[in-house]
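Before anything else, here's the structure in question.
Should a chain be cited, it is by its letter among A, B, C and D, assigned in written order, with residues numbered from 1 in that chain.
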Amino acid sequence: MAPSEIIDKMYNNDPFSQWLGIERVEEGPGFCLLRLKVRAEMLNGFSIAHGGITYSLADSALAFASNAHGRKCVSVETSISHVQPVMEGDVLTTHVEEVSLSGRIGIYHVTVKNQHDVDVAIFKGSVYRRSEKW
Amino acid sequence: MAPSEIIDKMYNNDPFSQWLGIERVEEGPGFCLLRLKVRAEMLNGFSIAHGGITYSLADSALAFASNAHGRKCVSVETSISHVQPVMEGDVLTTHVEEVSLSGRIGIYHVTVKNQHDVDVAIFKGSVYRRSEKW
Amino acid sequence: MAPSEIIDKMYNNDPFSQWLGIERVEEGPGFCLLRLKVRAEMLNGFSIAHGGITYSLADSALAFASNAHGRKCVSVETSISHVQPVMEGDVLTTHVEEVSLSGRIGIYHVTVKNQHDVDVAIFKGSVYRRSEKW
Amino acid sequence: MAPSEIIDKMYNNDPFSQWLGIERVEEGPGFCLLRLKVRAEMLNGFSIAHGGITYSLADSALAFASNAHGRKCVSVETSISHVQPVMEGDVLTTHVEEVSLSGRIGIYHVTVKNQHDVDVAIFKGSVYRRSEKW
């Protein structure tokens, strides 16, 4: 199955991604550029985006990038540092780097940037690559 | 300001927590038991909850527990392992342990459990404690 | 192979553990209490133990505890927070909690304490459990 | 104080760095290239370097790079993934990227490579930047 077909399968009929309004801009084995526009209902009590919004976007990018190699992947551990506040109307994008890929484990850095090309979050994820193919 | 007043300030007028349907069950300095019922719109394409839902819940518990000491806290790094799938209708709760608290840094373990008392996610968060008081 | 036989195989002829002076106090599937006395040559330029000493001790405890189930394990990701300074002459011990164990992945919390029962480091490790048996 | 003077202060009279045989190749505010040759006494029972050796090297690079800005820094959390085995005789180097620097927090990626330019470990560290200057 081609990378985009795999991501179609993951993304279509995905209610939370629909709610988030995630758009797929560019994708392939080991990378994935997603875009999300921050809406009022994604804010916390301080009028900045809840950390869970940025995490959700980066975690989706991790899932798409790692599965696009053709084997089913599940995340083992993910970490995120929120380094700049995210405001209503900001347009966030994911920049994925596959830093290591072995038979069973893949490691990815995902930087989330805003529309001014400023890093807002630094995400790292490790996935376990199952034998099962898409 | 009392712990619950601080958390009121953080929680009230928080659109994303309202959307998630987070309920506050028990809270105080260094701990916070939150509850969330998983709805259909929180699922991903595999009919299990998106990892971002569990992360958002745990991250909120971290924010409430650490700020409830009376000083404003910002997270430095958070990590999460999703260890069991979460289904529609599941009722998730947060179990916070303050594992270290020094002048500037607090470290917390948050275990997210489902209604069968099964761990679904293992979360760890470090916060920076500002001098500024609530 | 019994847990202690497995750990014998890992520990014996292990030059770095010998150098560290790691002693095995208690062990079994999923847990491992190790002890290490901090010597002058383990200090950094500030006369406290280098972070690598505490990490090495906790990482050994992770390896022993996870392999003692009988399947060969390799670490996927480890993290550590150094929360109290460690001095020459301090006696450190490892307290391992197996927080999750599935077919392929195990997750462990290791708390490193000093002789006053004070936590000096908070360590978390994820391992991949190979099919191969000891 | 100049970056190299700060690192002199940290590195000189540091018994564990001497034992490791860490050499300083290049350094400055926010970066630090260190080198270490793996010796027999650094191996574990499998004849590969103990994870603590690579961690110690990366953690030293983090300390030097972050303190070289002139303010005293302490690590909040560090994580490492060991992605390739390290053998006796391997020559390891640290490649530091300062991914975020704010008033109080710095975040760094440190890649540890061997003499064949192959990544052997992926390290991430967050530091708290004290007000106190060197």
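What we mean here is this: a residue touches a chain if its C-beta (ideal position, glycine included) is under 8 Å from a C-beta of that chain, and two chains touch if they have at least 3 such contacts.
Please read all numbers here as calculations on a predicted model, not as lab measurements.
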Degree value of the rotation bringing subunit A onto subunit D, based on Cα positions, nearest 5: 180
Contact-richer chain pair [B-D vs A-B]: A-B
For subunit A paired with subunit D, centre-to-centre distance based on mean C-alpha positions, whole Å: 29
Distance between the centres, which are taken as Cα means, of subunit B and subunit A, whole angstrom: 21
Geometric centre distance via CA averages, subunit D-subunit B, whole Å: 33
Sequence positions of subunit D contacting 2 or more other chains: 76-77, 79, 81, 105, 107, 126
Pairwise touch network: line, ring, star, complete, or other: complete
Contact set on subunit C toward subunit D in their complex: 9-17, 19, 40-46, 49-53, 55-57, 59-60, 75-82
Subunit A partner contacts - residues on subunit D that touch it in the complex: 79, 81, 83, 99-100, 102, 105, 107, 109, 111, 119, 122, 124, 126
Touching residues on subunit D, where the partner in the complex is subunit B: 76-77, 79, 104-105, 107, 126, 128
